[in-house]
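Provided herewith is a single structure, encoded as structure tokens, for subsequent inquiry.
Labels for the chains are A, B, C, D and E, by order of writing; each one numbers its residues from 1.
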Amino acid sequence: MSRRVSDLFIKAIIYLATGITLSVLIFIIGFIFVKGIGLINWDFLSRDFNDSVAYAFVESSDVPLSIDQNTLNDKIPYDNRYETALTKPSYVKNIGAAIAQVTFKNHSTEKQQFVITYIEADSPLLKAVDSNGTKLKVGTDYVIESINGNDFTDMSLAEVVSTIGNQSGKLKIKIVQPGGGIKSNIITTLYMVLLSLVIALPLGIFGAIYLTEYAKPGKMVNVIRFAAECLAGIPSIIFGLFGMAFFVVALNFQISLISGSLTVAIILLPVIIRSTEEALKTVPMIFREGSLALGATKLQTIFKVVLPCAVPGIATAVLLSIGRVVGESAALLLTAGTAAQIPGTLFSPGSTLTVQAYYVAKEEGNIELACAIGIVIIVIVIVLNILSRIASDKLDVFNKK
Amino acid sequence: MDKKIKFNTKNLDLFYGDFQALKSINMEICEKEVTAFIGPSGCGKSTFLRCLNRMNDLIDSVKIKGEILFDGNDINGDIDVISLRTRVGMVFQKPNPFPMSIYENIAYGPKCQGMKDKTVLDTLVKESLVKAALWDEVKDRLNKSALGLSGGQQQRLCIARTIAMNPEVILMDEPTSALDPIATAKIEDLMSSLKQDYTIIIVTHSMQQAGRISDKTAFFLMGEVIEFNETPVIFTNPNDKRTEDYITGRFG
Amino acid sequence: MDKKIKFNTKNLDLFYGDFQALKSINMEICEKEVTAFIGPSGCGKSTFLRCLNRMNDLIDSVKIKGEILFDGNDINGDIDVISLRTRVGMVFQKPNPFPMSIYENIAYGPKCQGMKDKTVLDTLVKESLVKAALWDEVKDRLNKSALGLSGGQQQRLCIARTIAMNPEVILMDEPTSALDPIATAKIEDLMSSLKQDYTIIIVTHSMQQAGRISDKTAFFLMGEVIEFNETPVIFTNPNDKRTEDYITGRFG
Amino acid sequence: GCGSSGSSTTTSSAKISGEINGGGSTSVQKVIDAAGSEFSALNPDVKFTYSGTGSSDGIKGATAGTYSFGCASRDLKAEEKANLTELVFAYDGIAVVVNPANTVSNLTKDQIAKIYMGEITNWSEVGGADAPIVVVSREDGSGTRSATEELIGFAEKLKPDATIKEGNGNVQTTIAGNQNSIGYVSLTFVDKTVKAVDVDGVKATVDNVKNKSYAISRPFLALYDKSKVDDATLAFLDFLMTDDGQAIVQKEGAITV
Amino acid sequence: MQAIKRKKQKEKIIENFFFICAFVAVASVLAITVFVFYNGVKPFISNSYSLFEFLTGVEWRPGSNLYGIFYMIMGSIYATVGAILIGVPVAILTAVYIAEMAGSTFGKIIRFAVELLAGIPSVLYGVFGLGIIVPYVLKISPMAQGESLLATILVLAIMILPTVVSISETSISVVPREYREGSYALGASKIQTIFKVVLPAARSGIMTGVILGIGRAIGETMAVMLVCGNPIAGIPTSIFDQIRPLTTNIALEMGYASGVHQELLYSTGVVLFVFIMIINFVVNKLVKAKVGS
């Protein structure tokens, strides 16, 4: 009887613990979603973080409006960045586009802007070039700030329309492609994951193969294993410092994608080596013996029998690594920087989603934005998890029936 | 003895670290015969068997003294261990098919040797399965995983896999201990027919089995070969008291 | 039949998911006898054995129809499964001592029942080991890990562990298949002496073993009990052609 | 500091091209990003990036040449000066902020110093409610912190149990979340989640900083090594000092030079 | 013969390639270690600061040339121990629930959710801590601010959950069925089986999870930085006191520090490293001692 009572008691504790874990989980995910979901929309995902300014050179021409005013009013692109309603757009013939005035607000500033809401099919804006004569993209939703040196700050919509209408010939228009999105961070994150895995996976996996299959077990291997274990607890900022001293300064790679991914690759190595070693060790000896007894060489045995069997374990390592790269902030801050842009080359800086979230939380105190980025990170982690699961199931001959 | 001697060991000692598992083994094993090793658990049967294709290389602590001549050449000498193992195949106590398709299991060895021709491989796979008396049971599921086979089928698959290498010698370490009588019968039949072409060495716990299928029997005890002789002699008229004690135990 | 009936199964069907592993089994098993189950691999011997102490509860896909009466009570009915298992002990094919000391292994069951008195436990451990013929071999290393024992010793430990619970029935699933002849002999001796006090049900692949130790034998085939009778009858004068075929196979 | 003559308000003048990668103080990032964006609009062949990693990192990066130019939000220490050329391109006010629910809206410099040194520990001592004061400061080495400590006069006397937060944003979030707290942030960051108190009766506004009536301000510095700097970078720094450049400084909430 | 030779050559080349991979991997891992130690030991060797004062001092004022980290060491220890005491039991029991008690579908869902928890960057944990935990702690705290040892412990306890849960769960589910069956066959109840047989058998795996959890707790920086308060002096005397763990000390100031200040931040890293080495060493020994018996 007393056993029943104590069993029940323990069971209750187990349920309690699981309940705690689950509620913590729901709480955190809930917190992130509630705070951040309001900011998530297509613009958020598809735009750059910073506004990008350009001077467009345009040949003015008379383009008649081909639709009526009501249709024009309907062409106001919905955008929840605009907290106050847009004014009715006015059409300006010589640039073949309609402009509306909006009040732009974010969590620290509020300003008036003039936004292009409609562009005629043969508008000269569509042929805009920059000062080099390279084609420039101008689209609806772009902000227009000045024309031929006439700045629109403090003007009303009517004044702006007449200012533009008064210009003719060659026009120099300052346009701003609105930012506020995290496209560049998403892409930088994917680059970073890809690059650091490309560097760390072969090194880690082949290294682990050497350590388990070739190296004579002994002190040396144990020391390496111990060092790897210890490094797992070292804060990544220290890796960042090393990356900065070695890759950024000594090798002169600058603050860049490559410095960042090399540094993260080093962070990943201990994880990959340890998990791969474990995975290799769990491959039953009888498979190795079976293969060798059939006259296979050691290498054939490793590649044809041992590695395929170890796939699920290695996949776990890959999963952990992806999580680690995506979640890394301190080390990347010092080696890849905080520039919210798509890195043009391996040697350009770029900030991952997490670095961006860290940055906006720390510098701007913008918790909502950090959480919105958090949601994107969680989605990316889920997608990458599922992808690598699928990949590993495809490769996993061991459990295939 | 008119048959050719395939294996000849001379004063073979084997140590696992400090522990001596084999003590001065001298044995001549003839071609195209079945030789059985019997003896209580831990007496060194498997260890000796694994010496013959240098499987013990995989265990770091093993040290070997003495000579093992295979067709007159010392296998611990200059010989290439890979080609030794292609000539001396091995079937293990626990069936250990690879986690691949049945076809791939059989083709594994030949492919490792560099054989690529699909038609040659197909024929080889079929022939080996036929010889191992497994063809009929699996011919419709060659591309299914070998892990889906029953224990007895898996063991025959492992034998087929070995036959596909066309070795000269097949070592078998208690190949039927995990099997039921019907599967055991099939494998014993198989051994009898294989002995036309191959030299077979088998470790077994079953006195009956040794009696049924082997030409010669060696009795191991504590790392020594106590007696090695024609099977009928061992079972009816052993020289050594210890052999007799073991044989006449009521068990099988 | 003058002995008391311990187990009585009525139209027992068992399914693993869709697959029917036992088909309408009716069997009466008597007290203080040794009952042996024989039959080819996969015929359902283990499955049936595991029904008797509801070990199959652990497998999600299992569905059971029909009745199993233990001393007249349906074990799938109201009965408490834990007390059923204390009365019906089980020894598995593969020795499975817990990774604890030898002493702790034996004391495990009684402790789970709430027994705490050290001296009672000490006596119980000793008695059980003595009955299992293991005392002499381990009396000096009771606090050493049970995993350091040899296979045969581990199996006897598992028997001792079961005896310590003082069950009424002991189920044994191929308890000697992993053992060498000497260890096997010891365990068979043990069974003969245990049958004074306990009802023993044993699954075995070895016809000889069944013949040597059992009072009754049941022959299983494809989930059915083909024949169930006094052991001498089964082995000398079976009713069913299929039983005869199986028994007279040359194997053991 | 403007040594070269690459000034380019019009795009018709000499073509400027190349990569400019700056880095350092986080306080200046808003201003510099906006200026960089404008500069590369004017010069489409210029690729501009800035990494906000901290003032000291900016100084180190400028010295080592890993940054085209570095930025700091504080004056350089003697040992940091080395070969660096300094360019003050803006000033920044520092606002002393409290929770909007706090009734206190004016503090003297002396009171602030005493609060930070732990001599005043209750809001009632400075005319507020009877509640303990939670002092929030920045990390050691922050430009914002060293400027504030110096100007208010509690350098190296910060009370031991002050809460330290990294970055203007974190300070602001903390102040917004704790009714009894006090902190300081760059004026460019103040928004409605916190309340800037008047210091010695002067409001913290851009105008007051400019006319020097509001005393707590510090320079924004751009730093480069003359021997390593490239033309594009120089052109950018020149642009910062032009009217157009200064207009951007003003637009982003900092104070023109 | 020729073919064999070529095969052997190929094997040798690839083996060397493996060796190079191992070498590079190991070298980079060791390089970090050397780098940290080199920079961290420098100030004591060149006598720019006394090791004794560094290790025993209770005030960190770089401007006044005061670099004592003893109060940080204590803070790190308290925070780690606290997080382990709360997080590990909860995590192990959750793992038990997933592996032994949940239905397979529900178990899978929880496991997935827990893995998700592992994928959330630590910055967001910090934001969560600052937004939710700190205000709650403030409500019950006698202190005026919610940033505290307690808040740190709670955030860390949450953060080690996924690691410990998933590793423990894996090692619980690989405990051979035979052990469970053996226990049930001896009349043990499910709970007895779990606690007396399954968990002890899974001990080594669970310990690995705990080690990694400890590693995460000690090494965690970004989340902790937001909720611990980071005071410049003071050994914590209650769970409501603020603390400055070793990690946040490094992360807070590294971007700004130079000279001796910077070197002593590396020294802080060395102390952390030694810390983790000791813990790993002890735990390894413990696991071996127990399992070996």
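Details
One rule holds for everything that comes next: contacts are C-beta pairs under 8 Å (C-beta built on N, C-alpha and C of every residue); 3 or more make two chains touch, one makes a residue touch a chain.
Just so you know, these numbers come straight off a predicted model, no measurement behind them.
Common neighbours of chain B and chain D (chains touching each): A, E.
Compare each chain's C-alpha centroid with the centroid of every protein C-alpha atom shown, and the nearest one belongs to E. No other pair of chains shares as many C-beta contacts as A-E.
A centroid comparison over C-alpha atoms places D as the chain most distant from chain C. With centres set at the average Cα position, the gap from chain C to chain D is 81 Å.
Chain geometry summary: the mean Cα position of chain B and that of chain E are 51 Å apart. Taking the mean of the C-alpha atoms as each chain's centre, chain D and chain E sit 36 Å apart. Separating the CA-averaged centres of chain A and chain C is a span of 61 Å.
Touching two or more other chains at once are residues 53, 57, 166, 170, 173 of chain D. Counting partners per residue, chain B has 82-83 as the residues that reach two or more other chains. Chain A has residues 3, 297, 334, 361, 367 in contact with two or more other chains.
The touching residues of chain B, when paired with chain E in their complex, are 80, 82-83, 114.
Interface residues of chain E facing chain D in the complex, by the touch rule stated above, are 59-64, 130-131, 134-135, 138, 144-147, 225-226, 229-234, 242, 244, 251-253, 255-259, 261. Against chain C, in their complex, chain B makes its touches with residues 40-42, 150-152, 177, 179-185, 188, 205-208, 212, 246, 249-252. Residues 216-217, 284-297, 300, 304-305, 308-309, 397-401 of chain A are the ones that touch chain B when the two sit in their complex. Chain D meets chain A in the complex at residues 11, 19, 21, 23, 26, 29, 33, 37-38, 40-45, 47, 49-53, 57, 61, 64, 66-67, 166-173, 176, 189, 191, 193, 253.
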